[in-house]
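My structure is below; once you've seen it, I'll send some questions.
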């Protein structure tokens, strides 16, 4: 297998699409928001990205069929903008891998004609959140006012530790190649899958990209995700394995 | 040394052989099952696979002779199907290495004409197991019914954390290149080398591949393996070493 | 993105410039000292160095604009020597990366004609420091006397653990290519950003390179830096994240 | 810098030399033994091996002069065999690096005509050792009897965890290229630099290679080494550093 392999599943014509990145992160905010968009708008799978940077892992579906872990791009048509939604179960496994993988993601977005990007995520507060503020960061200062109008808050030099992972690089590498990129970070305690924070982030997107989405099923989706996350955590904290080499189910 | 070096020890003609993977994992279930097959059927060593992905390590035999750690393929003839049994002491040391190494394993299996594969392993329950269920996952939905008939249980979306390591990739990468692959995971507490779980997995194989194997020596084999595992653990948890560089016997 | 990318921002003529390295390290001594020079002398940004060895990270400025993490070279003119000051937020992420990155740094310094280098840093004492000694190490024994005259102390075989990171390699790799390199290590407790230690190091530089710098703002600068470091620490020690993959704000 | 750089310091004619490897390991047994040989026989430095696999580090000598960490080969003439003694402060930093580096070491030994190798080390017992047994392992069964005659003990399948690091690969990779290699492992508690264990190992070498060495200074040498190791440990366990990036003196 090559370091990165891309399955070209479909290549629909999209009208000035906007890249929406929602990979796993704090409070699963970005992932939950992105998957909610896919479900509500019935997204069409267009690309699968496999990489040796992901864990050597398959997931098992409801029928017992395993599929190799990958990141996926779905095309989504809304009343407003067309979206190219990037989701998956993993970030890269190394510094270098993050750079390589984000470069690939930006290449694919470019191939579909996307020159705007929103990286969705959470920012941990460490305490219960009562008002769900969305914190913003941008690749270009011209993007600030539009986002402020949509309710995004900009706090000087925050988040203090910067933004890491694919979301950070969508801004950093995206900005360097001329993509107008913004990171929308919903405040969240950081302890649980947080549907309220995901909704706050999606409401910003609605305002900015001029579409409307229903939130009825969002709580249920969050509960399901929390359940899976809980099971995984349980398995990982589970029985001690006798040896470093024995941590694999295999 | 190249990243991967393959010693071609023998190349017997095999009749539509089936790859059986039994590398180390939870409860040593897969490894124990695979080694039991080798012993009972008097397997013939056909390939050794050395790789810089394995620890820089030699093992020492009963005469004090050291050999470089490797994975081995043995050809095994049974009353039913011919088997190509993959065993070894290690999984790969990195994400990328797992992909590269499993690709090599699948190449070797293909070279011998195998287009079916069973990855053997354990799935940890964290508690004492009373009834030894074998959980299944497959690369292709058509394989489910045959395995169910052989007593394999399929639980939607389980194992929740997916299947990791070489076993996972035998399904994931195997499936992508058209191999009919299944993972057979014996339930096991996860704390000890588990011969009952290995037997449950082997009984599935017997049914599916139409051979019969004797289990008399399996308990003894498990005890020996447990003893070695125990000694290794003892050595590893042994005396504190004064410095990071001193962890080597060297 | 390539492993290393260099933005050539400006290429002023410098008169026999001296490389001053101040990347993060114990007590932030080197970084604080180098940034103080940049501020006091109004340095001109000449090079940005991006690398996949740095964390996949952007920092966010006072306006909410993100920029990809990098190391920077500034040209600084003083009454005495011209300086080429290297600062940044990170060291490399791997052994090999340290070698590659330091080689790049030395190449850039050479391109500007620098054949002398001072690596600034701290050496931890583990207790409160009352007298701020500066410990020295050099690439060539001929450099010792000049530094002793400037108040630098040389203690046989110290620091006992050697000098690691970019500072160590500025000596080690610099020395191998004929650069006259010295490491100036201010004693510091190791617990806080230490402006007194940074001042001690800068006073040595003043003596050796024959310039004068004002220290009035150094305490304030240290406090700001400590505040940022504190916030980052807080965020990192913050809420537990549910899964290894969730540690990213993304 | 290349991944591996070799300085050819001298290339004396050696008479059928024997490679003696003494890199850091349990109880510093191998390193102490090898350095004792160098001192007692006044070894001549013949090769320095630099590699990006070693930590990015310089050590500082008695005059404050830093040198880049490396492994060194010294030629040593004894009354019996000529020796090519390999010492250094580090093992490789990764699995792959161990393989690459040991291959380089074996290449250099071959260049000098060595076709025999002794890897010296310690094997931890976890308790005080009263009788200093030397455990052996070999690349070829023909070597066992000669070593038994010299007092080496062979215990079936021990050490149970195999032999790891450069010593392991001198056997494993050396054996694969036809070098007659043995590992001599002195029993040691594992807690301290152990001169008695080093002496036991050296006495085996004396018998096998037919030379005599004086042990008067060995205890002092061990004490000095223990002191340095202690200081390094102290520094490493020293003051907490505020941030992952701050662990460098730099």
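Note that the chains take the letters A, B, C and D in the order they are written out, and that residue 1 is the start of every chain.
The rule is simple: a contact is a pair of C-beta atoms (placed from the backbone, for glycine too) under 8 Å apart; a residue touches a chain by one contact, two chains touch by 3 or more.
Composition by chain, UniProt nomenclature: A, B, C, D = Proteasome assembly chaperone family protein.
The structure presented is a predicted model; accordingly, all values stated were derived computationally and were not measured.
Colleague: Considering only mean CA positions as chain centres, point out the chain farthest from chain C.
Modeller: Greatest centre separation from chain C goes to chain B.
Colleague: Same or different: do the copies chain A and chain B touch each other through matching residue numbers, with over half of them shared?
Modeller: Here the answer is different, because the shared fraction of interface numbers falls below one half.
Colleague: Where the centres are mean C-alpha positions, what is the separation of chain A from chain D, in Å?
Modeller: Distance between chain centres: 49 Å.
Colleague: Round to the nearest whole Å and give the separation of the Cα centres of chain C and chain D.
Modeller: From the centre of chain C to the centre of chain D is 35 Å.
Colleague: Among the residues of chain D, which are close enough to touch at least two other chains?
Modeller: Touching at least two other chains: 232, 236.
Colleague: In graph terms, nodes being chains and edges touches, is this line, ring, star, complete or other?
Modeller: ring
Colleague: With touch defined as at the start, can you tell me which chain D residues reach chain B in the complex?
Modeller: Chain D residues touching chain B: 21, 23-28, 30, 89-92, 95-96, 98-100, 102-103, 119, 121-126, 136-141, 144, 154-169, 171-173, 175-176, 183, 185, 189-193, 229, 232-233, 236.
Colleague: If you look only at chain A, which of its residues touch chain B in the complex?
Modeller: Residue list for chain A touching chain B: 1, 3, 52-69, 93-94, 228, 231-232, 235-236, 238-243, 245-250.
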